[in-house]
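Paired with chain B in one complex and with chain C in the other, chain A is shared by the two complexes that follow.
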Partner chain A sequence: MSELFDQFVVEAQELLETAGGALLALERDPADRASVDELFRAFHTLKGASGLFDMAPFTRLVHAGEDTLSLLRDGRHGMTPELADRLFRTLDQCARWVAALEDTGALPADAAQAADTLVRGLSGVSAEGAAGGGEAAGEADAFPWVAALAREDRDGVGMAGGVITAIDYRPDPECFFTGDDPLALFRRVPDLRWLRIEPAEPLPALAQMDPYRCMLRFRALSGAGVEAVMPAFRSVPDQVRIGSVTLMPAAASAMAQPPAKPIAMAPPGSLAAAMLEEQARILDLPGSAAERGSRSAAVARAVAAILTALGRPADRAVVAAACADAGTLRRFLADDPLENGPPENGPPEKPAVAEARPASPRRALRVEPERMDALMALVGELSVMKGQLGPLVRRVGDGEVTRDMKAFSARLDSLVGDLRHAALRLRLLPLARVFDPLPRLVRDTARRLDKTVELVLDGAETEADKDILDVLGEPLLHLVRNAIDHGIEAPERRAASGKPPGGTLRVHAFQDKGGVVVEVSDDGAGIDPAAMRKAAVAKGLLTPDAAAALGDDDAVRLVFAPGFSTAGSVSDLSGRGVGMDAVRTAVERAGGRVEIASTPGSGTRVRLSLPLTLSITRVVVVEAAGSFYGIPVAVVGGVQRVPRAEIRGVKRAESIVLRDRVVPLVRLRRLLGQPPDDGGGHGRGGGGEADCVVLAELSDGPVAVAVDDVGERADVVLRPMTGVLRGLRGYAGTAVLGDGRLILVLDLRELL
Partner chain B sequence: MPIRYDADLARFEDACTVEDALPLAEWLEATAAPRVDLSACTDLHTALLQLLLAARPTMTAGPEDAFLARVISLPATGP
Partner chain C sequence: MSANDTGGPRVLVVDDAVTVRAFSRRVLEGAGFVVDEAVNGIEGLERAMAVPPDLVIVDVNMRKMDGYTMLRVLRRDPVLRDVPAIMISTEAKDSDREQALLAGANWYIVKPPRPEVLVEAARLLTGQPLATEGAP
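Then we have the complex of A and B:
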């Protein structure tokens, strides 16, 4: 059961994604048959799969979606943006439910209500379509309860084998207030053959019941045609579904007829047995040849999955052959190929011999993140141990043994390197994961703002660590929303400035040295540095003098300042003044960097650079007062030796000119509370001649950090501070170098 | 008055409308073993039907109206 359920969750997620993509494509090109079919298939499969579990609202909703899509497929209803909205909302709801199913194993409590609202929206479309087309045949599938009627009900209805009109009426709970009397409507239904009134939701205790709230559901069958029945429900088209169905004679009905044989594959009375029997029943349902075909394919999948879950995998082709009709399936299931007990009625006709064969297709493996972390930690430790081997071998001295050991050590080196690489790769996923929600976001945002925006995605195959992708997701959405909201102008304004009316938004990802870069660029209005300066002063972030002294690039960078927003008014999309600040914080927390470049009138480009992984950090090892520290390479803009004479001191504040910029200089010793260098220190800088300076590019500008010495660059596994050290500010964590030395990795942002 | 309440027996007469819903709900709730007589009822509002479905009172006589008789059959609403 649980395995089946997990499989459903995974499959549902995939199907919803497929459906979302198809819907986007369909909205762009309403004549796209392939997308309609794909969308329909996704809803159809979801309906079938969800029916295996106790999640009626889910099934009901995707069912309604399928109905709507069948109208679309048959050309009885055209694609409109409103319809797309409704279908998108349906997909969103399903995605939320699947997430809830994954977390809690059950639909949220309000699922029935949420489904009703969406179903009503969708069936409004269906009713229009049916009324317009006049034809509602072939919708047997839409009234599953008709096929499930018990024998005495069928006998009461009569008309066995004939076409009959089914009515499914769920009155609006508030309908009594508008003067409706749902029961009275059925008095006007011609040739009413059968009527069942049931609570649509469990009725509360009488004391809690609101007598003015309608909680009933009406199902009925009429011998009259759909057109004759429709007028009775003229006033409630959004609450009723009417269609013609073929009523199977009672004898052929699966419900009325006891199963041919007990299902032996699964223990009698078990859930699996019930589910298998249900599959056979599905095959009995009436419908067109195409419907039966797709149903039997779905049944075959379900049966194969159930058998696998029971630990009795069967060949797919065999199962598929057995799913041709209900009788064959029952025989196939009753005749357990694994147990050789002779069937009571002699050898049954088997469609084929079911042999246990190894499952052929390899499926994606799901691994708990904790296990991955444990593996990464082990690989880290192994690297450290390996690092200690080198010095040990050198101590052994010369000789044959040493030579062998050296060769051995070198092989170990490369193996450990490969292992680490492989372990890292395990965590890499394509950026497509964070790109996937973008088309939908662009579509919705642009539609709400009445703008036309074309999204160009590029480099979705670029890979990055899962943690990095998690970090990247939110900021990327922010940036895209921002670009559409503030960057790309309304069509009229674009036309006025000689641009094409539709804007272009480009999201481009690529691998850079040691990291992954995502650029979001638009061809919109750009950011005006003058306006930024003015806004910064108005908001009290800068004094007028400081603002005037700001270069254009730095002025544009003000968008990342906390509490800054250039939007004249706060829209509901972005521009709450926290967006860009949040982007910067998220990216920097992951050891990345944000840059922005903008040309007024022609567009803005924001570039996010992130390390490839969070589990391995590349650091520059520096020395101060005899201890070693690491500075993450992500913030290091350069390392150089600066003659003491070039350091200008104003009181205690020092600064240097680096690359034509005046950069404040801080001494690591002072930051760490160590005694100042006496000038003749151990740094190889030659005493008082020059200082080693690491240029750190921080978000609020560059800072030069003077250190005693700069060592190698090393990849380290960063371990966050734990226990009492957790409160210590200024350190990102500890790391062990290849030679076994422990270093503290600095967080310069906090330290300064 | 379409519904006449007589100790633990409610007699539905003629067309019983939504106006009877609240009194019926109160009566059903207050009466320990309610019994209903629908024989003279010619029309029953959905709200009343819903209350009967929820409370499931003993039905001493089913409706004579053909349509209502199909909706409410004796054994279905018995205790």
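Then we have the complex of A and C:
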């Protein structure tokens, strides 16, 4: 039970995601059949799957959604923003429920009530749709005359057991004056199987009859799908009803009503014919490429079996090729009619692909995070062990054995390197995961604010570690929301400043320097530095003098200042600021960086730079007072030797000038509570005339960190401090270098 | 299970109702099929994976895993994806038939099935000659 339940939770999440995407696509292009089908199927599957469990409100809600979508699918209701809203709300509700199911195993107490409200909204739509259709919903009910067809008519249609398209057309009595020719419309109906023309009402007496009025009702059946039939009646949508109905096959109807004739007396081939037609129809059913692929494989096998049973075995490959689509199969079966003799010629034109494996979407394997972590830890330890092998080999001395061991050690080196790389890649996922919610967010936010925003997503295929994606998700939502809320102006205002009324929001991800970068840029109002200064003073964050001394870039950067965003009225500034310090905090905690650039009047760009992974950190190894430490490369802006003479000291505070900026200088020894290096240090950087300086780029500005020496850069598996050490501030964790040395990795933000 | 492994086509009957299973077994074994049973979709999949059948006949409503789900999973299995499937249900509505086909069924039979219809459908879908009565 519980495994199946877990499976449901996962499947439901996937389905809801798929449905959300399809709904967005559908709203953009209401004629998008594939999306309607996809959406319908998602609801349908959710209904079936949820029915397995005790969650009636859930099932009821998705059932209602399914009903509504069937109206959309059959063209009985069009897509409107209101309908989209209702469906989005339905999906949201389901997502919340699934989250609750995952957490607690049950729906929340108010689920029934919530379902009622949403179901009412959805069935309102269904009612409209049905009203527009003129008769009650439900396909079989909508065309009662189909079921009432006489047996001869039924046989004439020749699609026993198959789904056919029913057409019920009552032309406008004045149609002759509007240029419609009712009968001509039927000439355009593909695969017309049956047509009956009758008076729409009892005809009046001949004397009262107006020959210029059309008083007919046209009913017809077509073997083509609803979509194929629809175009013929495009000019008279209000006078026609089109829908698909199943014509019960003779055999099937017999099954429903006992008794039936014994098997020996059944008309030869009748069940077989119905079954073959059904196989063709199955090929027409909607579904993903994978579903259709496996259905067509099953159909091919069934068709081959039926033909064999009928004593006319066919080559499997030929049958499989004929099962490419319904039309091909029908043609194939028509060329090999059951009534006539054996086929003289082989199959008709051979479809290009003979049961080609469907291009299935890349399927992800779900792996427990703990197992991944265990693998990474093992890989880390393996690296360490391998590192110790080198010195050991050197100690063996010379000789053939040593040479072999060296070669062996070198191969091991490269294998371990590859393994480490592969293990790291296992954790990488495309950023599409965090991009997925954005279209919906943009749609909703823009709709709420009456703005028009086009979202451009770039680089969704860029990969990063799952942990990084988790870090990225929230901030990204925040940035996008802010950009629409505060960045992009209302259409009138944009028009007034000569911009197109619709704003453009671009989210662009790419890989850079072993990390991943996501930029969120808009063509909105930008941030006015003057307004930022004023606001900072008003909030008491800066003195008027300090504010005035701020450069424009620094003033804009104030949006990240803690406390700046908490004020409620920042939206009055033509800037942004809601929760920006939260964005910064989240990104920096993951070893990343946030930058912002804004041009008043033409837009803002926020750039998040993050490492590829949290589990492997690239560090610069530095030495201080005889111990080795790591500084994450993400915060290192450069490494440099600075002559002592250039260090200015004011009391205990020191500073240097780097790239025309005055940068405060701190000594790592002092930060770590070690005795100062008084000229006789171990490192090459000691000795009085120059200091080794690592420039740390922190969001509050750069800081120069003086160290005794700077060593190599290394990729390390960072292990957080555990036990009593967890309380230590200033350390991101410990790591083991390739040669087995243990280092402490510094968290400069906390240390400074 | 009385699998008389004498070469008849193997039919897996998946139904939670013991009566239905017994009925199907009698009818199908009488026509020379080898019949295997399962009480729900999960068990059905397990049986099918253990011994791939030539045909599955699946009920819709079953506890633990219903027939739709079972067919969907079956259609995703590399070995079993093309095994012909009949779905059998009390519902006679078009939409139910549609659902069965969407899930991967090749044919739909309304319950309760007439023995001769069941046998004919099973023969057709396993490629057994219709003419011969008795053992195919």
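What we mean here is this: the second predicted complex is superposed on the first by the 498 of 752 C-alpha atoms of A that agree within 3 Å, B and C clash if a C-alpha of one lies under 4 Å from a C-alpha of the other, contacts with A are read in each partner's own complex, and residues count from 1 in each chain.
The definition used in the following text is that a contact is a pair of C-beta atoms (placed from the backbone, for glycine too) under 8 Å apart; a residue touches a chain by one contact, two chains touch by 3 or more.
This is a predicted model, so every value here is computed, not measured.
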item	value
Comparison of chain B and chain C by chain A residues contacted	C
Touched partner set for A:473, first chain B, second chain C, both or neither	neither
Partner chain(s) touched by A:212 [first = chain B, second = chain C, both, neither]	first
Which of chain B and chain C A:437 touches, first, second, both or neither	neither
Chain B versus chain C as contact partner of A:279, first or second or both or neither	second
Which of chain B and chain C A:299 touches, first, second, both or neither	second
Doubly contacted chain A residues - partners chain C and chain B	none
Sites on chain B touched by chain A in the complex	18, 21-22, 24-25, 28-29, 43-47, 49-51, 53-55, 67, 70-71
Residues of chain A defined as touching chain B within the complex	171, 176, 180-184, 186-187, 192, 195, 197, 199, 203-204, 206-207, 209, 211-212, 214-216
Touch list for chain C against partner chain A, complex	42, 64-66, 68-69, 72, 75-76, 81-85, 92-95, 97-99, 101-104, 106-110, 113-114, 116-117, 119-121, 123-131, 133
Residues of chain A defined as touching chain C within the complex	1, 4, 41, 44, 48-49, 51-52, 139-140, 163, 245-246, 251-252, 254-256, 258-260, 262-264, 266, 268, 271-272, 275, 278-279, 281-282, 285-287, 290-291, 294-295, 297-302, 304-311, 313
